[in-house]
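Next come two complexes built around chain A: one with chain B, the other with chain C.
Our next item is the complex of A and B:
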């Protein structure tokens, strides 16, 4: 399944707005973890959303700051998984 | 700031762990008692599996501890096989590093071969299930009121209510507790409630006296009706008959912690965090028929049956033990008995509890989660009906004081 980085970015941005930030906007390069925005549980829920929405499987070892540090990073992970 | 999971091997960082505990549980004054936690880990050094205890910390680049997780091992008997499984505990992460809680828990599941957790917090349960643990089911929770002194006054309409309210106007600070608080770990709710001011005015003394008198009379009647002629006696310790009882139960029940006499001596002995406890037993011609381990909290207000185990099918023995437990808790001045248990052939049924005046509580129940490497063992362990388990058997009750 081909997913463009733009699609993934839009979907993730929407999920974060609905589940984490509320009405607040978050820049794509905003440090989600460094700024304490994304908790473990929210990450778990985000992963479940990503797996269902993009038909991918996120491995446990991929659940780190590098892959979930920003919307850009998460979108990059989705894109690379979908392309694999 | 970069954060990494590291094995907790540097004693000088223990102070940092204590700081995280205090900051993580600001509503729980006991966490300031650093010696308690030091004694807890020292106690575990006397366990036969002490070499398999793991502790990890979340450490920043500046050597600051921002999280902690321990893994404590125990022996279980699953399908007749002796198996070691770990339980996660003493799990805490500072709020600004909350994402990294996942890394700690992931390290736990990657390290241990088998896991059995008895948790209450939905967030923790969600993370555990995400990392491969499976929910076996919920433990039961029942409570019995012995003394109404801690109860707030109910809303009584009309002149009587107005009169009582005038007599017991609450202090403004008490209103803080009316607000919904955070989800608390197992046991915290009760202990926080015992320490914190009550949300509403207490019952007036004459009403309290009347209600407590009525409770005593009702109890006498209920305990009398439930009596089966079996006598529960207080024991000084755990002798070899506990080995025999355990093997009889393990021959029938597929999944259970290995609770032989040696384990029980360690679990409830003089260095245990739950000491002192009261041990009750019922004996018959065929030997030990069942036992109970009772704990009164430090505040003296809550009574916990930490363990109540009987020969499978001997609910009469279980009723005799719990009936005697209620008498002992009453004599100790306990206000409420809180019983968390798993319904099994080696424990009580819901009917037995009702007959003894316990009422079921739907909230604040513990969930058992399992993950065993061997598929056959996992299959057996994930079926709650295969288990005999008491709350005192593992980590969930290690922090009850």
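Our next item is the complex of A and C:
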């Protein structure tokens, strides 16, 4: 399945808005984890959503701050996974 | 070896014995014990120049970092008490703590200092760019300059074990958070006791994944400092980062709270493929691990030689009990036996020691019993009382801590956690009083009455639930607005998982909101 970066962004934003309080207006490069907005446990929930929605597998080692630090980073991960 | 009386005595010993050894790993940077001694002396001088006197409080408001570690040691050397503020705190909580214990100087990350409410402190040392802030009414100093000056303390102040070492903020079942006044002796003895039963040595490489404002997180640092081990600072708790931290630093020991293990267990496949061969022990504190997670951790870690310690402690006495690894089969309710040099009593309502099997309150007696709650006489008298079993001839010399936790002891002397009778909420290892959350909800200006309680949750301990009545009638859309207010003005763990609207909250006979009744109705309904 081909997923554009833009699609991924929209879906991730939608999930955040639903599940993470205060995430409605953040910029794509906002440091979600560093600023304490996205907790570790929520990140794990987000991964489960992404795996199901985009039909991708996120390896244990990939579940880190580098890949999940911002909407930009998460969309980039989805895009690279979906293209593979 | 110097005798161990103060936190900075521990540093002096390790700096003399292992000057070139890595004390702290912070990201890519490694800092030796020699660096630690030099920079904390320099910062001590800078604090003295900034007017810090013996007995003052120095706040530390930063993400876990090398600088945060040095700041504690510098304050200790200056004879001041350090106060680690939870990095997740929002400006209202920072103000509360700064005011409550009269923080003289705040050492902080620039962005955190910049966000503080006007006039929170008089003086500050900042890490990063100079903050543009009215949170600091007086002078601002660059922390890096303070650390790098190479200066020595202006005067040697006699600091002894009975001096206040730190204030640890924690919540009880009522009111706003209280500062537990912890002496230098409490800090040192806590490090001695825990390093004894975890058998820590200078060969250990310990992963610091808990916050330093939390007694167990602070204790990991003091333990490492005492034995000359290496402490690797871990900020991210994401499974990938945890695995990388454990492997990259060849970690031998890690302490965590139950949610941390859930996160680590996401990495089952990776650990199976590449076992954590260096990991000598893990220790759990801050709540009960779900049995399924404990079984999984045992299956995953024990074959490669990792021991699992279950610990129990309350901030008021630092650490209380632990279950040795070989007894792990007793189940997750078992909190083991007293830590070394400590007595744990189980006291019934008549003030007598319970018989085996009888449920009573856990009462802690030993050298880690803290000095009391900062500035709160009534609360101190309630929790810190004379030893009920001491001979009357000893008069009022020894105080013990009444934990509020109900436990029972079996025939073999093992203790089992039963629960609490009050409404204290414990989620993700954090203690909160319902009132603290209710106050935050009400300060949103949208809520008329609020009731918060903890709904039992296997992973988190409790989920925070709030039932509110609204000021201007019941509109569902207000719920999100309230939640956003709480998220902006409080730490993430205080944000209720669910906010329910009820027109009129039930009251008790005395007219107070019937928290117990509401909580029971929702928990069982």
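Note that in this section the second predicted complex is superposed on the first by the 81 of 84 C-alpha atoms of A that agree within 3 Å, B and C clash if a C-alpha of one lies under 4 Å from a C-alpha of the other, contacts with A are read in each partner's own complex, and residues count from 1 in each chain.
We adopt the following convention: contacts are C-beta pairs under 8 Å (C-beta built on N, C-alpha and C of every residue); 3 or more make two chains touch, one makes a residue touch a chain.
Since we're looking at a predicted model, the values are computed, not measured.
Applying the stated contact rule after C-alpha superposition, one finds that A:44 touches each of chain B and chain C. In the superposition on chain A, contact of A:62 is made with chain C only, not with chain B. Judged by the touch definition given at the top, the superposed model places A:31 against neither chain B nor chain C. Shared-chain residue A:21: touches chain C; no touch with chain B. Overlap of the chain B and chain C interfaces on chain A: residues 33, 36, 39-41, 43-44, 60, 63-65, 68. On the chain A side of its complex with chain B, the touching residues are 32-34, 36, 38-41, 43-45, 47-48, 60, 63-65, 68.
Residue ranges on chain A touching chain C, taken from their complex, read 21-22, 33, 36-37, 39-41, 43-44, 59-65, 67-68.
Those residues of chain B lying in contact with chain A across their complex are 1-3, 93, 95-103, 105-106, 109-110, 123, 126-127, 130-131. Chain C makes touch with chain A in their complex at residues 87-88, 236-241, 243-244, 259, 262-263, 266-270, 428, 459-460, 480, 483-484, 486-488, 491-492, 495.
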